[in-house]
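Two complexes, one shared chain (subunit A), two partners (subunit B, subunit C).
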Partner chain A sequence: MSETLDLSLELKRMIIKTLELEDITPEDIDPEAPLFEEGLGLDSIDALEIGLMLQKHYGIKLDSEAEETRQHFASLNALKALVEAHRDH
Partner chain B sequence: MTFTSLCHLPWRRAASSSGARPEIHALGDAWLTTSRLANEIDRWHAWLATQPQGAWLLYNRDPALFCPALLALWETGQTAVLPGDDRPQTLAAMASQVVGRIPERLPDEAPRSRPMPAIPATLARDAIAVTLYTSGSTGAPVSVDKLFACLEAELDAHHALWPLVGGKPNDAAVISQVSHQHIYGLLVGLLHPLCAGVPFCARDCGYPEVLSARLEEAHAAGRTAVIASSPPQLARLPAYLEWAARGRIERLFSSGAPLPQRHAARTEALLQAPVIEIYGSTETGGIGYRRQRDDTDWQPFPGVEFRIEAGTLRLRSPFLSDAPSPPQWWAQPDRAEANGERFRLLGRQDRIVKVAGKRVSLTALEQALHECDAVLDARCVTLHDDQERLGAIVALEADAIPQARDERHALLTTLRQHLSQRFEGVAIPRYWRFVDAVPRNTQGKLDNVLVKRLFADLNDSRLPRWLGDSHPAPNTVRVTLEVPEQLRYLDGHFDSLALVPGVVMVQWAYRLGEQYWGKLGPFRGVERVKFQQMLRPGTRCTLTLERHPRHIAFRFSSGHASGQEHYCLGKLRLDEVTDA
Partner chain C sequence: MSSSLQIESWYAWSAAPVSCAGDERHDIASLSDLEPLPPLLRRRLDQAGRATCQILRRLDPEAACPIVHASRHGNTSLTWGLLTELNDGNPLSPGRFSMSVHNAVLGLHAIARDHRQPLQALAACGDELDALFDEALGYLAEGYPAVIAVFSESALPEAYQGLTSHPAAPCVVGMRLAASPDQSIADRPFAHTLSLLFGDNAQPTPLDVIAWLNDLDDQQRLERGNACQ
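Showing the complex of A and B:
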């Protein structure tokens, strides 16, 4: 339990730092809300940055179809699931 | 296979010719070929026959869905109106100019078998092929009609310079990372491969992992890749994808904004291919191109003439749609200087910037901010060399200035929501500074020094956020500060109750004293220090500094004019300041 909570917080902090979201704290990121557009308001440049961040910190290489990546980036929980699945390998 | 000009319906020629090369089939369903398109185009014909004639709104992220609808519109003598994005506000603004929106997918009721549609032998060169939208100098969207003649002339020029068939290579496959809703992506990623009869990608290839997979497929099918990309994507091309193993890349195009030289060099090294930048605009199409390894100046496209007038670029071009005859000189709002046959770009003449390749009017952003309650003045600025992110400096009525993080957060949400009705995500400023008045230098201007100061905490997480100052008395300065959420010193202090350590406040007082009064004597410690309230991230405060011969009195107090509470106050002991 605490491990997944920690991962959630870790990802939130990493996103805030990577994307220089100067006004956002981890508590502001709703784990179920969309990260892009109407949710956290991230955009296409941020998506590329998150891709680089996942590789750097977790060694994750994204899927070769953009649609899959869009699904992984749908929310913080989706992103967390991606990291967890990768760890289980 | 040879190159066929656009108005001769190259996609039809390929379908009726002896058939595709066998390797094409090895490319798989992420790829499109002219032979795969013909059937889909015919089905769109059947659906369009049941609909009114005119201009149609067409937006689709996937080339596989976009392309057959576009070609069917053209074959039936109709125009495609291409919005740059599909936000409801964007589409609603165009609704009155079109007879309808092309559905995302071919409706099921479209007949599967149908009589062969009447296909014209050629397309009328003086008809409007597409209407594109861009942001004009005032920020209001401006529509640009592109005649078939202009698209055809530009595609012919691409074929002459960078042939996909009949030259080297003779076996290309085109991978586009950019949207075909814009002129560059439409020409380079979609229409050029159609005219050349070579395969191109059926789906979005914006992510580097997708690009890598498509390269691998092209390589396995024995094809040489040509890539259409953009500066933000090339700047973030990851080294870990082992590009060298992905086969030969003939060349890479980049357009939308100038590519910083270091990114051009890095991309060439990673992908082992020349990076060709195309400079142009929605109105003009391509104007010039360059490979930075060889020359940083721009070579005009064949047929494009330029001259410099009052420091800005003027041109005559076969790619300009509304060029009257005899052609007039088109005023391109970019500052430039000539260098023989070539020219050098020196920046925009107006307040338009390119953010992630999208044209954004700073004036329009500021006007939109002005419409919000309590906003007195607003200035938007670019912050990084790459101009990828915007900052906003917003002057507010005193009551509306946020004093704590929750207030700031609520205000930001309101402002962002307001802007998002009219602007795409990348255009919305990422960094915000709220002030009582936009700071000005002695010439009355917001200059670069002030802008750097307002956003200095972004580059140094040890600093407080500086939001302006005043000098209420000689040897006294009052500085407005805000505690950044990302302040380094908050890390690991109290997780749930982050606050600024007292020693950090003392250090800020000392550093700011030096900023205003120059080098102070050596710091000899503090005296009479009192910590009264906790200073939390997101809080706005005022630091008052009073200079005395042997010490500096400092006081961090709340931003509220009335009911002042103090966070920290005391004296910094110094040696007497000498004038030496």
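Showing the complex of A and C:
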């Protein structure tokens, strides 16, 4: 399994655990689908929770007001790209 | 202003293994036609919170009544967890913080049911039933035909055990209350009525209220039986 696939699964598992998504499995999360509202259906508190998760696990600090933060949170693949970019620095 | 209340219907739940209601039709866990809570809502609630929302849906299916929710202690497992995290120097979970406020369960219920009537969450140092009845009378005096009063206690963390009175298990009771000129279950001032029902200085928990409602049902059945003879 490639490293990016591993990271995708790792993020899915982390989101499920952090947000206590009891009925969701990693397979249920479409990596291209929106995480918020339609798609997975998460809300603004979940966004804060994911922000904290990224900070704790990857040392990524995001500005909650910045437009690019919105883009990083658009889908699982967008989050993955953010973590990968941060690792490359 | 009328100062009397009647109970139109009631439901209960407790984590105890046997039904908490004398008649299973009052036990929310025994109802087979219960619509499940939306998963994204359910995940944020503990057992008592889930039962509270189910009871509210049952007592007020049209989301048309004001709701008063009383809990002496609220979700102390959450607040204890947050205090422990703070003590350890860890950042707080925004989700858990949002659910640690006293009106969190009613807030989630209102979002899930698009409920737009008044909502009130209170704690009254053991006098929750008295406070629920008083608040309900206020809404009835404003002209609402019925008010939902729900009383819950969540599990108490081990750190608090022995330091406060608490029913041994999580439990919830909800009543749909209306004004009653003639068949009142309790009259103002409620403290007097409640001391007759629960003893002087009693601080009834949801479990005590459930026991009282079971007794009321038994009395009514007995009266109906006598009337038929």
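Basically, the second predicted complex is superposed on the first by the 85 of 89 C-alpha atoms of A that agree within 3 Å, B and C clash if a C-alpha of one lies under 4 Å from a C-alpha of the other, contacts with A are read in each partner's own complex, and residues count from 1 in each chain.
Heads up, the rule we're going with is that a contact is a pair of C-beta atoms (placed from the backbone, for glycine too) under 8 Å apart; a residue touches a chain by one contact, two chains touch by 3 or more.
This structure is a prediction, so every number in the text was calculated from the model and none was measured.
Asks: Sharing subunit A, do subunit B and subunit C clash or fit in the superposition?
Replies: They clash: once the shared chain is superposed, the two partners overlap in space.
Asks: Does subunit A have more residues touched by subunit B or by subunit C?
Replies: The partner that reaches more residues of subunit A in the superposed model: B.
Asks: With both complexes superposed on chain A, which partner does A:H86 reach: first (subunit B), second (subunit C), both or neither?
Replies: Neither partner.
Asks: Does subunit B (first) or subunit C (second) touch A:D63, or do both, or does neither?
Replies: Only subunit B is touched by A:D63; subunit C is not.
Asks: Who does A:I16 touch here: subunit B (first), subunit C (second), both, or neither?
Replies: Touch status of A:I16: first partner only.
Asks: First (subunit B), second (subunit C), both or neither: which does A:E49 touch?
Replies: both
Asks: A:E37 contacts which: subunit B (first), subunit C (second), both, neither?
Replies: A:E37 sits against subunit B, while subunit C stays out of touch.
Asks: Please pick the stretch of subunit B from 201-209, 291-299, 399-407 or 435-443 that overlaps subunit C when the two structures are superposed.
Replies: With the two structures superposed, the offending stretch of subunit B is 435-443.
Asks: Can you pull the subunit A residues that subunit B and subunit C both touch?
Replies: 20-24, 41-43, 45, 48-49, 52, 55
Asks: What does subunit C use to touch subunit A in their complex?
Replies: Checking each residue of subunit C against subunit A gives 39-40, 42-44, 91, 93-95, 98.
Asks: Any idea which subunit A residues touch subunit C in the complex?
Replies: 19-24, 41-43, 45-46, 48-49, 52, 55-56
Asks: Could you pull out which subunit A residues touch subunit B in their complex?
Replies: Listed in rising order, the residues are 16-17, 20-25, 28, 36-37, 41-45, 47-49, 51-52, 55, 61-67, 69.
Asks: Can you list the subunit B residues touching subunit A in their complex?
Replies: Those residues of subunit B that touch subunit A are 30, 203-210, 212-214, 232-233, 236, 238, 240-241, 356, 388-389, 405, 408-409, 412, 416, 420, 424-426, 428, 430-432, 457-458, 484-486, 537-538.
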